[in-house]
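Each structure below appears as structure tokens.
Okay, so subunit A shows up in both of these, paired with subunit B first and subunit C after.
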Partner chain A sequence: MSATPVKPRKARPKRSTILTIGMLAAAAYFLLPLFWLVVASTKTTGDLFSTFGLWFAGENNLFTNIGNTFTADDGAFGQWLGNSLLYAVASALGGTFLAALGGYGFAKYRFKGNRAMFMGVLGAMAVPSTALAIPTYLLFSQAGLTDTPWAIILPSMASHPFGLYFMRIYADSAVPDELIESGRIDGAGDFRIFFQVTGRLLTPAIATIMLFMLVQTWNNYFLPLIMLNDPALYPVTVGLANWQGQAASSGGASGDYIPLVVTGSLISIFPLIVAFLFLQRYWTTGLVSGSVKQ
Partner chain B sequence: MSTDTADSASAAPITPRSGRIAKRGKGGKGPRYARTGYLFVAPFMIAFTAMFLVPLAYAAWFSFFREQMIGGNVFVGFDNYTRAFSDPQLMAGLGRVALFFLIQVPLMMALALFFALALDSALLRLARTVRLAIFMPYAVPSVVAALMWGFLYGPDFGPIAQLADKIGATAPDFLGNLMLGSIANIVTWEFTGYNMILLYAALRAIPTELYEAAAVDGAGPWRTAWSIKIPLLRPALVLCMVFSVIGSFQLFNEPSIMRTLAPNVIVADYTPNLYAYNLAFVGQEYNYAAAVSFVLGFVIMAGSYLFMLATNRRSRS
Partner chain C sequence: MTPRFRRRTGLAAAAASPFAFAACARQPVEPPEHVSQAQIDDAMRTPTELNFWTWVPGIEKQVALFEEAYPDIKVKVTNAAQGAGHYAKIRTALRAGRGAPDVAQIEYEMVPAFTITDHLLDLRPYGAGELEDQFVEWVWAQVSGANGEVWAIPQDTGPMGMLYRADIFDAHGIEVPATWEAFADAARTLHEADPEVYLTNFPPSQGAFFSGALWQGGADPFAGSEGPVLKVDVVSEAAQRVADYWSTLAAEGVVSTDPDFSDQWYQAANRGKYATWLTAAWGPVFLQSTAASTSGKWRAAPLPQWESGDEVAGNWGGSTNGVFNITEHPIQAAVFAQFINTDPECTKAMATEQFLFPPTKALLEDPEFTGLELEFYGGQKVNEVFAQISATVSPDFQWPPFNDQVRADYGPTVGSTIAAGGDAAAALGDWQDRIAEYAEFQGFTVEEGS
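Right after this comes the complex of A and B.
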């Protein structure tokens, strides 16, 4: 299902060593902070200050740091990870379901207002998400929903018009009309056709959108920052920022929180990096299909 | 309805399973299936209305009021907006993100374009590894990216300061007068790979015959990149630029994290978003914060629109 057409290139030009070296240098720049993070996670606070940042100290303190990260503040970090997982999975499942149904509907049915509604949703992509966050907060607070998981999950589900856009384009080309017709001739209702037959053709697109929604919700900071007061509900981004605040306010030099922030950062990006590495073909497809058409 | 022939035509060549695209048209033709169509899109549209349109309308209505000690919420018309447009703090923030946009975005786009062309050129060894390495930061939350770079910039145990110390020099003041550049570096680090992938994907969609024709005419890889690839990348470049306008003017996460490291440099109104946030959640000035958000949204939409208009006109002429 790779969307990138493989181009057979005749007469390959010679590989360029200079370009390769230059690009490897660029790659090194992009990996450097991550390397630093791994190195720093193996150090005690003392080693952080006394040894060179980009190389390991004598002793490996990684497992002690991980242990401390999970036990600090009565195990807050584990809870934050759990919250992030809950918010991300719930938003991604719900959001992808809505986008798949909607995108399919926009692609495969004619009805009055189809184009107008679709263009309206697309136009909404230009509205800054943070401009939306303050009124959403006010509405949720009137409904008594702030400081609950719903305050994160509901807005994250519906506020990614890109998913709908992508689904519509994908459904348009991946689902042949004849398949719907023949289902109808067999006497199946349109929803049954969708859930049992045509919906399956959307699987690659569904996987792509789910991955991107997972990442977006996992990485979200602004929305949970304003919606949640209770530290027990924080996702890991807000939790780490909070620890960072404490590390900075305790004078920088003393901060016991510094190794916690460093190790916690490493743990928090680990699942995402793994997901991106293993699901490479999905996100590549997603970006390919999304980028070229507008 | 004269639906979408234009966009589906442009969509056709690169969509997955393009083999099946030959025949197109709406599945449920005729009015009999219109109701089913509505049922399919209803869940999304309801959620979208509740989470997008209603808050937006509410904020618009809300921005015309003012909370007062006596009399509670009073309708004040455009007062909040007149105040916003003459608010030096908001204007300073807008000026700062505009400057940020002018410096950071061209640099990032030039890098992303160069990387994408290099990956596509077949001149490169280890292309897959390089592509993955450059894209990797996209998987890192902006909060974590800002935390990491904050430590790297730091005067205490940042490796840059350590190196400078070793050779007896003073490290640049990353968290002081260079702050805007430091934030620009973080954002560049985060999003160059994303833009690179978008451009690279667009490059892969260019039909190979064009390159073959160029090769017959004697064009080398550099000439092909300049004369064929870059012009054909225009739509993808415009898309990336519009995303960048939106991203730059909404700048919040990175300065908000850096603020814990340098509270005197990153003031409460450093960016418009930071300002709106502080107005709402520190100063409890919700009405005015809503107006400020709207002004910001308006600036972003106007900016994106002008940008698209300008590039469209140039491509037509």
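Right after this comes the complex of A and C.
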């Protein structure tokens, strides 16, 4: 990003009060539930239901809650976090790689059926992934892959046609044909050109897609719910829903699960925040400027 | 985009090739006429692994007792989800023809949803036919098919009663209302005396509560539905009486209308905003852990009655264990479902340790169960109250084969109208139309009451 020259004061765009209020309202709308989550994580079951929801109770119970969350059910929560991490990272890496290869191919190669296949991808975007969960289950059940990590990773890698679409659009504009030609003139093969030259220009798109897939797989509930039976394989979403179910059921000790669900939810969003902070620095455009004369 | 491909192809959508899945799916078991004791003994000595999907906390205890009694059978318990997620998971696996459990937790209201798709095994030939006498009459009716089939074994129930704040009642000189009429008067008196307090809360999106209220009110909207014929009559006089009653109270503003089991509701219950909670037999223990700050102030009583002197209750909640007919081990699965729900040690642990309200006569008469005094209820024998209520639940209440849809349609029609104090009769009609439309769309022949 380059700094724009400072313009004279009077030309500065007028601030819109309405817009500012609107944005503040939107920010509050999105941040308030998060704030509630932070506040609720510091409370005991009793305080949760007897004190005002959006402010802290007298005593801070956060660390006890975190401790309990990680020790309940023999440390199941830590395992769920690990599983979620495995599924999300593996799906994001694999899925982004596939999307980058495919999108680049669609954008830069001329072959029969390019357009038709791309239309197929566009069509696939219109089908919500939840609707595909059951057919996917049937396929994986035939292949004997249900109740294994593959049942989550493989569909998650391939179930985001948006990634491919986005890559194609991005590669189309970010990778100049001249760059590929100059690579060919220098005698590099197609894969070498992709991995060493043009692929790097796609970094901002790759970071975007990776983040997108990371979040989507991390938050996916329905697919792991129907695919997995073994609690040792559950991701955090299914695990927490399971605790939530126990908290809501009529069992005697059920109330004890409520703070665990709340605290667990809070902990489970931290990896995503870290991923955002880490990947956003790759969101810089303009890498290509100056590489060729146009 | 390269010019070469401009306008070459029309839109060629990705053609999905249909897969033939049926080939290696498991075929359902044809239930035999009778299974001899020798066959059962033989099967129970064959090393087998059963899959059991349930959400009941601590069920491992009953499973361990079963494995102790039948050391050759191993039971694998899967607890993935509750309610909608649980059923979605089961339906998917049943559709795939593999991966489904042998035995699963099924709520009473969902039993018809699995019999209509022909997925439940009739347990009669496996000895379940002889269990009828052990269970309360209305509970057994809930798991019985039209031709006497036994579709599942009852595990717990939720006969409905009223939990009330004795301290609030005393402070305002309110008697425990025996009739709905007295209840309405008390609601007016109390709210007038203290505008912060409501006699009770009507939960607008809680279809299960309303079903229980219909049940108590003598409405049986889906009675006589069988197979492809769906009878629906949520506009009956009995149903109107219930809906009008609540709509009137809501319109007067003397009952609150907060969504139940929400943050707001829990807080209000702790704060003393509601003087009663119209709930089920699982309510007392639940309230104890979520409204701990009000300990000692609550008492339990039967629901108010529509006709003075009556003793009628409805049911809200509870579940069963059913066996799916794709199981490879029908005998073992059936014996398991029966054992954990009838073995004295198993059922006693459920009632006294897991706090599931029992469906068996033996436990409901067991002084050790009924005599339990709960501190939270000022030492009252709450189990005894609900055991007596259980005996008054009407056996006539049939669930539709798609109760989840009926529930989903309830909130936007009847629930929200009552909460707003609107025209209850019109809302019931609206609900009926939606149910009928959905049923026809699903291929049922609909016979509407009027």
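Going forward, the second predicted complex is superposed on the first by the 243 of 294 C-alpha atoms of A that agree within 3 Å, B and C clash if a C-alpha of one lies under 4 Å from a C-alpha of the other, contacts with A are read in each partner's own complex, and residues count from 1 in each chain.
The rule we apply is simple: a contact is a pair of C-beta atoms (placed from the backbone, for glycine too) under 8 Å apart; a residue touches a chain by one contact, two chains touch by 3 or more.
Keep in mind that this is a model prediction, so the values were computed, not measured.
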| item | value |
| --- | --- |
| First, second, both or neither for A:Val38, with subunit B first and subunit C second | neither |
| Comparison of subunit B and subunit C by subunit A residues contacted | B |
| Touched partner set for A:Phe49, first subunit B, second subunit C, both or neither | both |
| Subunit B versus subunit C as contact partner of A:Leu228, first or second or both or neither | second |
| Partner chain in contact with A:Asn114 - subunit B first, subunit C second, else both or neither | both |
| First (subunit B), second (subunit C), both or neither touched by A:Thr146 | second |
| Doubly contacted residues of subunit A, that is, touched by subunit B and again by subunit C | 48-49, 53, 110, 114-115, 117, 124, 134, 137-139, 172, 222, 226, 238, 241, 245, 248-249, 252-253 |
| Residue ranges of subunit B touching subunit A (in the complex, touch as defined) | 1, 3-4, 7-8, 10-12, 14-18, 20-21, 23-30, 33-41, 43-45, 47-48, 50-52, 54-56, 58-59, 62, 111, 115, 118, 121-126, 129-130, 132-145, 147-152, 156-159, 162, 189, 192-193, 197-199, 201-202, 204-205, 208, 211-212, 215, 220-221, 235-236, 238-239, 242, 246, 249-250, 252-253, 256-257, 260-261, 273, 276-277, 280-281, 286, 289-290, 293-294, 296-297, 300-301, 304 |
| Complex interface listing, subunit A residues touching subunit B | 1-5, 7-17, 19-20, 22-24, 26-31, 33-34, 36-37, 40, 48-49, 52-54, 97-99, 101-102, 104-106, 108-112, 114-115, 117, 121, 124, 126-132, 134-139, 154-155, 157-159, 161, 164, 169-170, 172-178, 180-181, 190-191, 194, 204-205, 215, 218-219, 221-222, 226, 237-238, 240-241, 244-245, 248-249, 252-253, 261-262, 265, 268-269, 272-273, 275-277, 280, 284-285, 287-294 |
| Residue ranges of subunit C touching subunit A (in the complex, touch as defined) | 1-2, 4-5, 8-9, 11-14, 19, 21, 24, 51, 53, 55-58, 78-83, 85, 88-89, 92-93, 95-99, 261, 263, 266-267, 269-271, 282-283, 285-286, 289-293, 317, 353-357 |
| Residues of subunit A touching subunit C in the complex | 45-46, 48-50, 53, 110, 113-117, 119-120, 123-124, 133-134, 137-139, 141-142, 146-147, 172, 222, 225-226, 228-231, 234, 238, 241-242, 245-246, 248-256, 258 |
